[in-house]
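Shared between the two complexes below is subunit A, which has subunit B as its partner in the first and subunit C in the second.
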Partner chain A sequence: MQQTDYIIELAGHKKEDLSVCLGCRICASVCTVNDLEINANPQELLMNLFLGLNVDKDDPLVRFCTNCYRCTSACPWQIRIPDIVRGLRENLSTGSVFEHAIIESINIWGRMYEPYVFLRASLFVLKDGWARHMFRMMEYVINIVRSIHVPHKVKRI
Partner chain B sequence: MNILIIGGGISGISAAKVVLKEGNTVIIIESASEPGGLMARIANCRIGFKTFFDEIRDNPLLQVIKDSTISAVTRKENYFTVTLNNRKTLKADRVVIATGLIPYDPAEYRGRRLLASLDYDAIIDQRNEEMPADFNKIAFVLCVGSRSKEYPLCSSVCCSYTLREIKWTLQRAKPDISVFYNDFRLFGQEFFLEDMYRNAGVHFIRTNSRYFEEDDTGVTMRYFTDGKLKQERFNYVVLATALRPNPGLAELSRLFGFTLNKYGFVNENEPLTTDAEGVYVSGGALEPMNIKDSILTGFGAGMLALKGTEFPAEAVSNHDLFYKEQETEIVIPVGNFASCLFYLGTENIMNRMFYEYISSKFIDTARNMKKSGKTVYFLTKNLITPSYEELIYEKARQEGIIFIHLEEGESIECDGTSVKIMGGVKLKLALNAEKIIRFDDYIALIKDKEFLSVYRSEPQLRWAPTKWGRKRYHVGFIRHPRAGRWEPREILGALGEMMLDKEEERVLPHVNEERCSGCGSCQSSCPHGAIELANQERQIAVFGPNLSTEIRIAHIKEDICVGCGLCASTCPSDVISFNSN
Partner chain C sequence: MDYSYYPGCSLKGSASSLDRDVRKIFNLLGHNLLEIPDWNCCGALEYGGKELTNLSRENIRKIEDGPCEIIAPCPACYKNLKDANKDFNFKTNFTVLHPLELFDKELLASLKVKHDLKGMLFTPYYGCVLLRPEETAIKNKYIMEEIITFFSGEIDGEKVRDKCCGASRLFASKMVTEKLSKLLLEQSKGIIVVFCPMCHMAMKMFSKKRKVIYLTDLLLYVMGEKKFL
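This part shows the complex of A and B:
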C-alpha cells in the first residue's frame, strides 16, 4: 500500500481523483498499446494499485505507454492514467542509463549538458553494457555512418 | 382557478387532467408545434400518448398554446401575468413547471451508422414499411453522456429503454444483438424480460467502449473483455444517450424566481414544490425519470396546484385508502473486524428486483465501515443507483472503497475468509476479508412481504401508477423499493389519482351460502384479497333440542372486489357464480 501511495503522490494527484473509476474499460478500448499486446487494460492497472498488488516491469502499459492521453480524453471521469504510468516507471526504475543521466544533468545545470551525459553513460557502456549491447550498438553506429551525407554544394551566382 | 402548465409532455398533460377534473381552466404552453415531448418521439409510445391526450383534447376549458415561449413574468398579490414571445399576455393563479428532459447529443461520435437511441427508434418505427437491407449485427452502447465528470447523474431510463428497443427490433427482424453495459439498471419485472432475451441469444457484455470507426457499410468497434481486446464489425451501433435537464429551465428560474441545483434540475424543498410560491414542478424537471413516474408526479403537481400545499397533510390523515408496506430494517452487523467484503450479485432472477434497494443499503453500510477505518471491498454483478443515488456511489468510490466489477460468467467462491473470483480469465485475484456480506443473506428479510406480488404483477406502463385494485393505492416502499424522496411524491400522485377516479360498473359474484364448504380456494386465488372466510352460525340438529355450530363460509367484500371472476373459476363445487341478470 505504501508503494501505491508513493506512486499516486509521484503522479501528482489526489487519491480520490483516481478512485472514482467506474470500471467501464473505455480506456482499454481506445488504448494504442493494445495494438502491440492485446491485454493492456489501464483500468486493471488502477485496480491492482488500489488493491495493493505489485505491478511488474513486464506490464505492457509500463513498457509501451506513449503518454498519448487517449484514455484520459475518452474516460468519463478524465482519469489521467499516463501520469500513473510515469510514476510507476519512476518507481520501478525502468528508465535507461541515458534517461537518468539526462535528468541528473538537468538537475545540476538546468539543461542537458552532453559531455556529462556521455561520461555517465560511458561508465555503463564500459562496465556491463558493451558486451550485451554490442551488436545493437554496432548496428546503430553503422546506420548512422551510412546515413551521413555531405551537404550539397551551394552554387553561388 | 386558472392554472398555467409549462410543457405539453406526458407530465404536463397528466397535471392538466387532474386540474380539469374540478372544472378549472388550464393553459398549456408548448414550445414545439405539437404536444407530446420526449414520449411522443418514441415510435411505440406515440399512440399511447395520443389516447391519453385525446381524453382532454376537446375540453373547452383547456387551451394549448403551441410554438411559444415565455418572455416575461410579473407577479401581483396572488396571480401571475405571463407575456409570451408573441406579446400575448395571460393570467394564471398557479404555475406547474413540466419542461421535461432533453437527450444528450453525442456529436463527437454520431454518424449515419452510429446513432443516438432516438434516431435508431425512427429506423425501427412500425410506420416504416421496410427495414434497412443490411440489418444483421446491431450493438447497443450504454451510458453515453451520463455518469461522467461533466454530468454525474445516472439517467435511470436508458437501460430500460434499450431493453424495449431490443424488443421492438426483434419484433421486426432477427439481427444478432450485442449490448455493452456498465450496470444494467432495470426495475421490477424487466429482469425477467432481460433473462428472456439472454436466453434468446442476445449478448450482454459487461464492458463499454468509445472506439468506433464508421464507414459506408458499418462500424468497427473495439472493446475489452475477458482479459483481451476484441474487434468486431456491426451494421449499426446505437448509443444510449443520457437525458439531461431542459436548458430552458435556467431562463424560467430567472423569470419565476425558483432555484436550480448545480446539475440544472429544479430544487425541490417540499415534495413537487419549488422555492417560489405558487410554482409547482413535475416530471423530468425534477430528475431523470421514466414515463410512469412522470405521470405520477404530473398527477401530484396538478393536485397541489389546485388545492395548495396545506391540503395533502390533512387529506393523508383522513384517508384509509393508502396501502403502505412497512420497510424492513436491514441491519448489517458492524463488528470488530478489520476488513469486509460485500458481494452484490445473485443467480436467482426473482431476487434481482431488489438490486436497487440492497445496493443503496450496502453502499451506506460500506461507507460507515470505511469511515471507521476498515478495508472494504465491494464486488458487484450489477449495481443499481439511479439518478441522484449515483452521487452517493460516487462519494463511496472517492472515499476509497474498492469496487470490483465482475463480468458476465464470473462468480465468487468463498472459503472461510478468502474469496476467489471464478469463471473469468481476467482476474487472478484472491481477496482476504474477515467478514463477508452477501446479497442473498439479506433477501430472506423481505421475502414474504405482500408487496412482492404487486411488484411482480406490475404491467409495463401504467396510466394509474399507484392504483392497485379498487379503493387501494400503494404508496411508499411498497410500489418501488426505492429512495425515500419518492414516498411523499407517490402520496401526492395517489391523491391526484383519486380525483380522476370514476366509479366503474362491475358485476359482483354471488356465493351460494347453503352449499359453500369453506375450503378457502377462492380466498387464495383472489388477487385483491376481496374474499374473507367469515364464520356463520348454522343449525345442525335434525331432531331434539336446537343445536347450532359455526362454520366457515366465503364472504365477498364488495368494496374491494373488481369482479374479475377468478374465484368463480377456481371454486371446486361451483358455489360462486355470476348472475346473468
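This part shows the complex of A and C:
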C-alpha cells in the first residue's frame, strides 16, 4: 500500500476528506511549531499526501508537531492534521527510545508500566541531558515509587 | 451518585497524587468512583496505529453493568474515550465526562470554604486537549477561571491559557518542550494551575521557582483538606 493511503487510513480519514482543504493556510498561521521559529506548513503536508508524494522523516511537522490541535481548531473543515502526523510517525518509525518503550509496555501488559519504561529508556534519558532536571523530577519519581506495583496483565482484546 | 472511573496510566504512576486527590474530592462531594475493571491504556498521544480508538472502545465495553457516566481526569484519555464513544454504536448510551465538567456555580456554592484565595494570583492553564478539537473539548472553556474567581483569587495569563507547552514531545524532543514551556512561563504570572499530568510535568520541569499545581490541590486547599498550596 502506498504511504499516503496507509497513513490516511491509520488516521481514520479518507483521501476525499483531505480534498476539501481550501489552501487557506490558516493552519500554518496558528501552528505551534512556528513558535519555535521553525517553518512548518501543515497545508503543504496535506497537499503532498493528497498528491501521493512521500513525506520524509525530516519534515518539520513529523519532527516537532506537538499534537496541540490548533490547526484543527482553526481549519474551516476541522481536518485533524495531528492525527495524520501521528500516522506518519508510526509509518516512518520516528519514535524515540522512550516512545518505543511506552508502546512495548502497552503491547506486553496492556498499560504503560512506568518502572519498565524508565528502565528501558534510562540511557536515552541520561544522554538527553535529563540529569540536570532530576531534582525537579523527584516529585514524579516519588509518586512512581509510592504507587509501585506488579504490572497489571490486561486481558487481550 | 456513582460514576465509572478511568484513571489512565499516568494516574497510576507519576501522577498518582492527582488520582488520590480526584478520588478524595469526589468522596467529599458524596460521589462514588467505580474503576473500570481490567482497563487497558487508551494509547494517549503516543500510539499512532489503527488500534487507537479500538483501545478506548474496549475500555467502554468493559463497563458492562457499571454507571454510564465515565469520569476521565487525564485529558488525553478523556479525548480518546470521547472519540471512541462518538465513533462506535454501543448498546448503552455512555457519556464521557472530565471532572471539570461537573463544576458549576451551584456546586461551588455548596462547598465548605475553609481558606479563600484572596490576594493570590493564578494562571489557569488548560493546555491543548481539554480545549481542542472542538468535538471532544470540555463544555465550559472558562471553568478554571470561574472556580478561582469564585473563591476570590486573581487571574492572569489570558494569553497563555490555551497555548501548547509541548509536553507530548517531552521525551522525544526535549528542546521543543523546553522552549514552549519557558515561553508560557515568561508570558504568565503567579501560580500555574493545570489539570493535565503531562502539562504539570513539562511546566514544573522548566519552571525553576514558579509554583505549578493541579486544580485539585487548589480545591482541597479551599476545602481545608490541605494546609498549603
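The rule is simple: the second predicted complex is superposed on the first by the 110 of 157 C-alpha atoms of A that agree within 3 Å, B and C clash if a C-alpha of one lies under 4 Å from a C-alpha of the other, contacts with A are read in each partner's own complex, and residues count from 1 in each chain.
By our rule, a residue touches a chain if its C-beta (ideal position, glycine included) is under 8 Å from a C-beta of that chain, and two chains touch if they have at least 3 such contacts.
Please read all numbers here as calculations on a predicted model, not as lab measurements.
Peer 1: Under the stated touch criterion, which partner chain does A:111 make contact with: subunit B (first), subunit C (second), both, or neither?
Peer 2: The answer is second: A:111 touches subunit C but not subunit B.
Peer 1: Is A:10 touching anything from subunit B or subunit C once the two structures are fitted on A? First, second, both or neither.
Peer 2: A:10 contacts subunit C only, not subunit B.
Peer 1: Looking at the overlay, what does A:137 touch: subunit B (first), subunit C (second), both, or neither?
Peer 2: Second partner only.
Peer 1: Could you say whether A:63 touches subunit B, subunit C, both of them, or neither, answering first, second, both or neither?
Peer 2: second
Peer 1: Touching A:78 in the superposition: subunit B (first), subunit C (second), both, neither?
Peer 2: Touch status of A:78: both partners.
Peer 1: Once the two complexes are aligned on chain A, which partner has more residues of subunit A within touching range, subunit B or subunit C?
Peer 2: Of the two chains, more subunit A residues are contacted by C.
Peer 1: Thinking of the overlay built on chain A, is A:99 touched by subunit B (first), by subunit C (second), by both, or by neither?
Peer 2: Once the two structures are laid over each other on A, A:99 reaches subunit C alone.
Peer 1: Counting contacts the way the document defines them, which residues of subunit A are shared by the two interfaces, the one with subunit B and the one with subunit C?
Peer 2: 78
Peer 1: Please give the residue numbers of subunit C that touch subunit A in the complex, ascending.
Peer 2: Contact set of subunit C toward subunit A: 9-10, 12-17, 38-41, 43-50, 53-55, 58, 87, 128-129, 131-135, 163-164, 166-169, 171-174, 176, 179-180, 183, 201, 204-205, 207.
Peer 1: Using the touch definition up top, name the residues of subunit A that touch subunit C in the complex.
Peer 2: Interface residues on the subunit A side: 9-10, 12, 32, 35-36, 63-64, 66-70, 72-73, 78, 80, 86-91, 95-96, 98-99, 102-103, 106, 110-112, 114, 121, 124-125, 128-130, 133, 136-137, 139-140, 143-144, 146-147, 149, 154-155, 157.
Peer 1: Spell out the part of subunit A that touches subunit B in their complex, as residue ranges.
Peer 2: Contacts found on subunit A: 15-16, 19-26, 28-30, 34, 38-41, 44, 47, 50-51, 74, 76-78.
Peer 1: Considering only the defined contacts, which subunit B positions touch subunit A in the complex?
Peer 2: So the residues of subunit B touching subunit A come out as 143, 147-149, 182, 207-211, 222-225, 227-229, 394, 397-400, 402-405, 426, 429, 431.
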